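These notes are about the structure you will find just below.
Naming follows writing order (A, B, C, D and E), and every chain is counted from residue 1.
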Amino acid sequence: MTNDIMLLMPLIIVGLGGIIVMIASAYEKFTIEVAAQSTAAILAIAFLTQLSNSISGNVAVFSETFNSILVVSTFSKAAGLIILASGIFTVLSSVAYFKENRFCTSEYYCLVLFAVTGMLMLTMSHELITAFIALEIMSLAVYVLVGYNRDNVISTEAVLKYLVLGAFAGAFLVMGVAFIFGATTSTNFAVIGQYIAANGFMQTPLLIGGSFFVLVALLFKAAAFPFHAWVTDVYDGAPIPVTGFMATALKTAIFAVFANFLVVDDGMHAGWITYLFYISIFTMFVGNLIAIGQQSLKRMLAASGIVHTGYLLIALVAISSQDFSGSVIAFYLAAYAAATLGIFAALSYLSGADEKRKTFDDFKGLAKVRPYSAAAISIFLLSMAGIPPTAGFMGKFYIITSAISAGHVALAVLGIVSSIISMWYYLRLIISMYFHEAEESFSDILPSRLAPTCTFVLVFCVFAISLYPLIV
Amino acid sequence: MNCWPQKVRLLKKSTKKGALDIMFADWLFFTFAVIAVLGATGLVLFRHPLNGAMSFIVTLIALAGLYALLSAKLIFALQLIVYAGAIMSLIIIIIMFLNIQPEDLPHEETKWMYLIGGAIIVMPIGLFMVKMVRTLPNISTEIVGNNFGGVKEVGIQLYQNWLIPFEFIAILLLVPLVGAVVLAGKRGKNK
Amino acid sequence: MELSVNYLGLIPLFPLMGAVIIGLLHVFTCNRTRLPEKVYGILACIGPILSFILALRVWVALKALPPESRFLTHDVFTWISVGEFNVSMGFLADPLACLFLLFVTFIGTLIHIYSIGYMSGDVNYGKFFAYMNLFLGSMLVLVLGDGPLVMFVGWEGVGLCSYLLISFYSEDRANVVAGNKAFIVNRIGDLGFVLGMAFLFWGIGSGGFDYLSLSVNADNLAPGIALAVCLLFFIGATGKSAQIPLYVWLPDAMAGPTPVSALIHAATMVTAGVYMVARFSFLYAGVELAGSVIAWVGILTALLAAIFAMYQDDIKKILAYSTVSQLGYMFAGVGVAAYSAGIFHVFTHAFFKALLFLGAGSIIYALHHEQNIWKMGGLKAKMPITYVTMVIGALALAGCPPFSGFFSKDEILYCAFATGHYGIWLVGIVVAAMTAFYTFRMIFIVFHGQARDQEKFDHAHEPPSVMTIPLIILAVGAIFAGFFNLPGVFGGNLMVSQWLEPSLTEVHPYTSTFVEIFVVVASIAAFAVGLKLAWSKYGQGATKPEFSGFSRFAYNKFYVDEAFDRVLVQPYRALGATIWKNIEPNVTDAPVKGASRLYMMLGNAFKVFQAGYVRVYAIYMVVGLSLMTLFLSQSLN
Amino acid sequence: MIHNYLFLSIILFCLGIVGVIARRNVFTVFMSIELMLNAGILALIAFARLHVHMDGHVLAMMVMAVAAAEAALALAVVILLHKHKSKLDTNVFSLLKG
Amino acid sequence: MFEHILSVMIFLPILTGVILLMTPASQGIARITGLLVSLAILILGIDLYVHFAATGYLEFVEKLAWVPSLGISYHLGVDGINLFVLMAASLLLPMVYLVFTTREKGFYANLLIAQGAMIGAICAADMVLFYIFWEIMLLPIFFMMGLYGGPKRIPATIKITIYTIAGSLLMLAAIVYLGVSYHAQFNEWSFAISDMAKLNLSGQTAILFFFCFIIAFAIKIPLFPFHTWLPDAYTEAPTAATFVLSAIMAKIGVYGVIRFVVPVFDEQLARFAILLACSGVVGMMYCGIAAIAQKDLKRMLAFSSASHMGIIALGVFCMNMQALTGSIYQIVAHATSVGVLFLFVGLIESRTNSRSIEDLGGIAAKAPVFALFFAIALLASVGLPGTSGFIGEFLIILGAIKFNVWVGVFAGTTLIIGVCYMLYMFQRVFFEKTNPNTSTFKDLTLVEGLTFLPVILLIIIMGIYPHPFLSKITPTTALQFAGDTPVVAQTVATNALFPELTIEKK
């Protein structure tokens, strides 16, 4: 029992931490630096707790205490680790970012903590309405973070779009939950699974419709086609560290619950496989096409995020509900998170005051002036593109392996084709940084230490993750 | 407090056959349903949000009535108090607070086009859901006894089985609190 | 019974070593203080002389063996061994190789000596001898190599040297172009050779790839493959030995120094084709069709070249065409399966043609690199030794009895007649007359009559003895070489043919004495007619005639070079340019370019969909949803 | 009859969708979303009645809480929007595109 | 000779390169370091060659589990197929450091990384490991081209990078497919190359992935019609990169075909070999003919290289021992000859500031040693007997005829096509009269001369006495055709096109 509580400790630490920071931020003495440090500390403690939990290898269903609403599995722990790490790096790069962009208050950090709380809960929740609540905690916090620069109309526009569409998707989720409840009299994954096992999935239309609406909401949050259109605008409008946070932690949480929901029973997975198949194909290619036309780095990364969603959907298509461990998804998410956070960490100290460096051209010749940063960014881009020996490659490799072993050869090949065409926009930044002469001296970049440290730690992660053997 | 459902229950008790009972419930249902739909249509159609909000309140109240018909006593109350009461008054206050002039409102010349187009697009979704619902057994909705949907019973459910989500709703409510302060509240210069 | 000896490999090695040593000396000293020419001269002659001595030893050794087992072999090392394909770097001396060995080293040595004088004063003296030694070495590999593949090494090696020596005066573009032409045309032939080998290997399989094994296994070849191999080998031969249609390089090859023309482009290298056909007599003997093709190609080449030779201005070109023509005879000979006759003609031809070339070289040397016969005249007074030796050579070439050329040519014509190839014989007789005509046309114009260019005439003089002595030696050879193979009608016993018998698969044709005499008379008559015509036209001195009609056509060599240029060279270049300018960017690369362009276009087009209106994004969602529900409704039942 | 409740829920839900995609007024859009949530709640209650299972009521309560939270944040955003442009038109906010 | 010789050969250069990149070393130090490391590799390479026992199987094996759940391991080894590619990669690089003395630090560092990655790709006995190194080796080339290339370098860089990555990603799919098929057939995971030969692949999917492999390698080789990146890339890349690309990387493409396609996809290869062989032959002729139209020396050599690669690839597709052995042999021969030629062109460019054939002339008179070396390399490249180029080319033609008469006949035309442009180039650059550009042309310095001398000697030795080299290859190639596989039957059948020549013993 104490062990079981230990498993929930990260969630509790972060949740309580959020409340403490929230209260503390009412005090003048609680400056943003202190807030950042304490937030990072809270996240770090939670991370270490989670790590020790992961090492101990315990899992718990909490059937007595929480009516099986929360389930801690290896997958949820891995996802939690990624989320917590993303949180730490986001906080650290925020420090550098807010030296140049002065609109921060200490509430920023408590919102980060709340968002992480929601995400952690999302990874563990095995019940639809809990998932909905966790999703809303996370989403509401992130909405605020996106619009944090409230003097900037762009930022406000981003939050408007995100909020309207997010709530819209949330409404579908509610409807879906209602239908599933109508079909099975429960919203618990385990019960739904048993119901499907007993009655079949395709034989229960209400379940089809309900799970359809639930999937729609999840696909929306994961930015899959045709629910992807908000991504570029929202990522573009959000502050850089928040963008990084959304791209990594949020996606991790969503995919965690997505996978958990899909594998409640074979019938569920089998029922949606065709749709997910086509959605993942469209997601990859639409993402690529959006990315190719972008001039702004953030928008490009947002669009590439859509493409990565496509790859993750491949993994979802290929998972098997019998012995689901989610390792492929977790690995890919970790690899993707390391690279994405790295780029956003680098951007947060490179982009300058008011994010004045946004486009590819703004980074021309960076390698001549700041070779290490440029090298780090290149490594992150290569990881995203899936070039070995980076983590991105291994992630992609595992995804393709799982797709082919599940018999989805066409999907694997199309994924490959998509990553071929995605090469262009990743290389484009490298080419800008390395092969063009500098047009400016990048002299205004503050010698902040935290964000570059983050960047290089993440470079290390990119390689370390790739060498870490996957345990299926 | 919740006299209305009691009345229905009384009605049910008073007749042996229950035909009138059901007819009366149906009649109530259709009344509420029509009101709800009209209110919702008003929400979608009214140009000024204030009108829309008022019309939406009508819908919410009608829905509350329907919840009562479905033996959900607690929800019936909550709908009136929380939804129609708190949330909608907040919305209306904000609408008034912003002091919206007609010229601030968007000029939606193509509104009808979008409405009709929207209706066409939505049609398959609606039909799909209808098709789903039709597969259910169409039971009668007579009032369930045993305090079904009563405060105590729902409360026990809530604290026994739904503790975790319930607790986290606390955090959920904190977030917009902080958010509203951050976004719309006064902000001192950077600390 | 073959005998394994260990000195055969040394024969080509000596000149090759010489080439390396001289070449390195030259390369490292040419831009600094030059070594004296004597050093090069002596170094250059050591190799050929040593090889000649060893060749004599080989001959002696072979003589000592009984005729049916006259083989000496020397396997130096395993060369290529891949699966069933096993070739060793082996050498084989049999009577045929020995004959070639002797005259190649002998004439090679003489020409090296001659070159010491001829090349004196040249900047690239050392380079010249390095190439010459390299050539000789390669030629010896060609001759001695045991198996087609080793032969091919020498075959290509002599081709390379030929190229290097033709473009020896490399500052002049025309020379280099001539060199390129020689190499490329030879390569076309080599393609035939290589393919022939490949076919042979395909057909024979694991049976071994030296001559002995091949001749044993030749019977196993499917007839189709045997024919293909024969014809492909012959294509190789047409390249190296300048037969139709690949003869075009040889006249241009005269751009090289004259000793080169004598050694490579008259005496030795160009006869390699004949040698090859004779070497593979065990194959050709079984494929009559191939023989006929060879014979007819040969005799037609002889005719064509003779026609050209009658109209040339350039002394070396006349000799070059005469070489082509004589090579044609040789092929006619081997084509009618008279291998020994063909080989014998190679042997005698080596003497008299080397002699003629060296004589021409002396003249050119004396006249300061003047090669146009219409600028010469009356030189017999100034250059008596050259005159006498050249006339001897001319008589031999023209087939005047009892000079060497008469016997060898007569043997070929006789064999053609005796085997029933009357057409070949007839053409041969005509060509014989034409040979006599153009040979003496040249002699008369150059040596007789008046001097046409007085200034050059005044400076002309007999060259130094280092050049004249080889002339004399060769002249002696040109006179007497024919007696080695006197046919029965002259009381001989076909000594060379008998010597060659173990190496060749041939049956000497037997006819009545009457036929023999008839053929001899016809040959002599042809010679007489040719000589008479030449004397009547040019004997008393003549001026350069104006050409018109056929003669103009012939003077321009039937425009064959131009035709080749139009039909092959220009289209090839145009094709190259087209590929580079048009096909590559517009066809091959088009899918790639098109794909990337389409990709960019789509990318830009897609920006439109990101309209920026939140409502539009919601519409996307709903449209997507409603489409999906449409599909889902289908599955709901 | 229970179907009728569900049909009503569906109608309201669809009306909500139409409201979101057809209207540009921010308030209307948000309220349309609320309408959709209400349709969901109605469905939940109806299913609870169908199965005579009170979890539906709990779920409905929670959805209400979420709706309230969302509404609060939405109103904050609306105020922010109004501060920037004094307009309630969603189409005004289309600086980010492409 | 020690246990981890291959690992050292892989990671010594890579780590040195990375360290050089990370530290602010001067270009002089970088060059010396690079030179020393490459010499160390050279010594190790020779040591390895000497101790190579030609058993036919993998030697110097290192195996370490990496991802046990998928059977991926860090698995290295050398056999007769990759020995010579390995030699090319380990022996030729010191030349670059000696010839190009004044380049930036990154230039040398990238070269080191490229070398390590190439050796890794060559030695890898695990498919995933192979793929990783295969991709890594492109990166230094990408940076070298983009940073130090010619004026039009960026489009060329993008083209080669995306083109090759496209190919290799397809290969990744195919590799995964093999691993998965292995799992399906033997119920255990493995990505070891040697295990794949046991697979029994058939059906449409196998054909699809067969072509994935083929396209990946075809792009790298490059095989017609996937060669279009090559002229630009070879021309715009700095000469050292061109050297690496043409001399070694292209060979790794061929090596890949031999390693992956021949043993694994035997059925599919037998079916499509004729198509691929035609592609090789057409490419050889097409590029060879296009070369004649080039004015830029480097571009001409680029086409020449592509042309020869067509022949080498053909040798692989002929599916018999002669052709395969010839291909492997020709890999080294071509690496030495064309590699050296590219370096020579680099020298010419640095001395005359021009690569245009029009601007040059008469160099032979000014620089006889240089001309001699150039000529030897050139002759090797046109396949003159006595040079290394002949042996391989001849064996390939030999095998090609066995495979299919017409393919063999057209393959033979390489003898002609090669000399046409090469002689033309030699004429215009080395012969004829000197001009102001070349009148002060300096001959090779002592260092340069000594740098090239071993390679030139190697060209000649390999031409005259190839047996010791061939005998290292043949045990492995013999194993490839050991069983009476359906492949052999099929290849003979292609010759049925030529009925009158079909072998029938009398």
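As a convention for this text, contacts are C-beta pairs under 8 Å (C-beta built on N, C-alpha and C of every residue); 3 or more make two chains touch, one makes a residue touch a chain.
All of these numbers come straight from a predicted model, not from anything done at the bench.
Student: Trace the shortest sequence of touching chains from chain D to chain E and report its length in steps.
Tutor: 2
Student: Which chains contact both chain A and chain D?
Tutor: B, C
Student: Measuring centre to centre with C-alpha atoms, which chain is farthest from chain A?
Tutor: Centre of mass proxy via C-alpha means gives C as farthest from chain A.
Student: If you tally contacts for every chain pair, which pair is highest?
Tutor: Comparing chain pairs, contacts are most numerous for B-D.
Student: Farthest from chain E in C-alpha centre terms, which chain would that be?
Tutor: Relative to chain E, the chain with the farthest C-alpha centre is B.
Student: Need the central chain here, defined by C-alpha centroid distance to the all-chain C-alpha centroid.
Tutor: Of all chains shown, the one whose C-alpha centre lies nearest the global C-alpha mean is E.
Student: Can you work out the whole-Å distance between the CA centroids of chain A and chain E?
Tutor: Centre-to-centre distance between chain A and chain E: 43 Å.
Student: Averaging only over C-alpha atoms, locate the centres of chain A and chain B and give their separation in whole Å.
Tutor: The separation of the two C-alpha centroids amounts to 33 Å.
Student: Just curious, how far off is chain C from chain A if you go by their C-alpha centres, in Å?
Tutor: About 77 Å, centre to centre.
Student: How far is the middle of chain B from the middle of chain E, if each middle is the mean of its Cα atoms, in Å?
Tutor: 73
Student: Going through chain E residue by residue, note those that touch at least 2 other chains and give them in order.
Tutor: Not one residue of chain E touches more than one other chain, so the list is empty.
Student: Send over the residues of chain D in touch with two or more other chains.
Tutor: Residues 13, 16-17, 20-24, 26, 30, 41, 46, 48, 50, 55-56, 58, 62, 66, 69-70, 73, 77, 80, 90-91, 93-98 of chain D each touch two or more of the other chains.
Student: Going through chain B residue by residue, note those that touch at least 2 other chains and give them in order.
Tutor: Within chain B, the residues that touch at least two other chains are 114, 118, 121-122, 125, 128-129, 131-133, 135-136, 161-162, 165, 169, 172, 175-176, 179, 183.
Student: Taking all chains into account, which pairs touch?
Tutor: Those chain pairs which touch are A-B, A-C, A-D, A-E, B-C, B-D, C-D, C-E.
Student: Which chain D residues qualify as touching chain A in the complex?
Tutor: Interface residues on the chain D side: 9, 13, 16, 20, 26, 29-30, 33, 36-37, 39-41, 43-44, 46-48, 50-51, 53, 55-56, 58-59, 62-63, 66, 69-70, 73-74, 77, 80-81, 84-85, 90, 93-98.
Student: Per the contact definition, I'd like the list of chain A residues that touch chain C in the complex.
Tutor: 160-161, 164-165, 168-169, 172, 202, 205, 208-209, 212, 216, 220, 225-227, 229-230, 232-233, 275, 286, 288-293, 421, 424
Student: For chain C, which residues are in contact with chain A within the complex?
Tutor: So the residues of chain C touching chain A come out as 599-600, 602-607, 609-610, 612, 614, 616-618, 620-621, 623-625, 628-629, 631-632, 635-636.
Student: Help me check something: in the complex, which residues belonging to chain B touch chain A?
Tutor: Answer in residue numbers: 128-129, 131-133, 135-136, 160-165, 168-169, 171-172, 174-176, 178-179, 181-183, 187, 190-191.
Student: Would you tell me which residues of chain C are touching chain D in their complex?
Tutor: Touch list, chain C to chain D: 607, 610-615, 618-619, 622.
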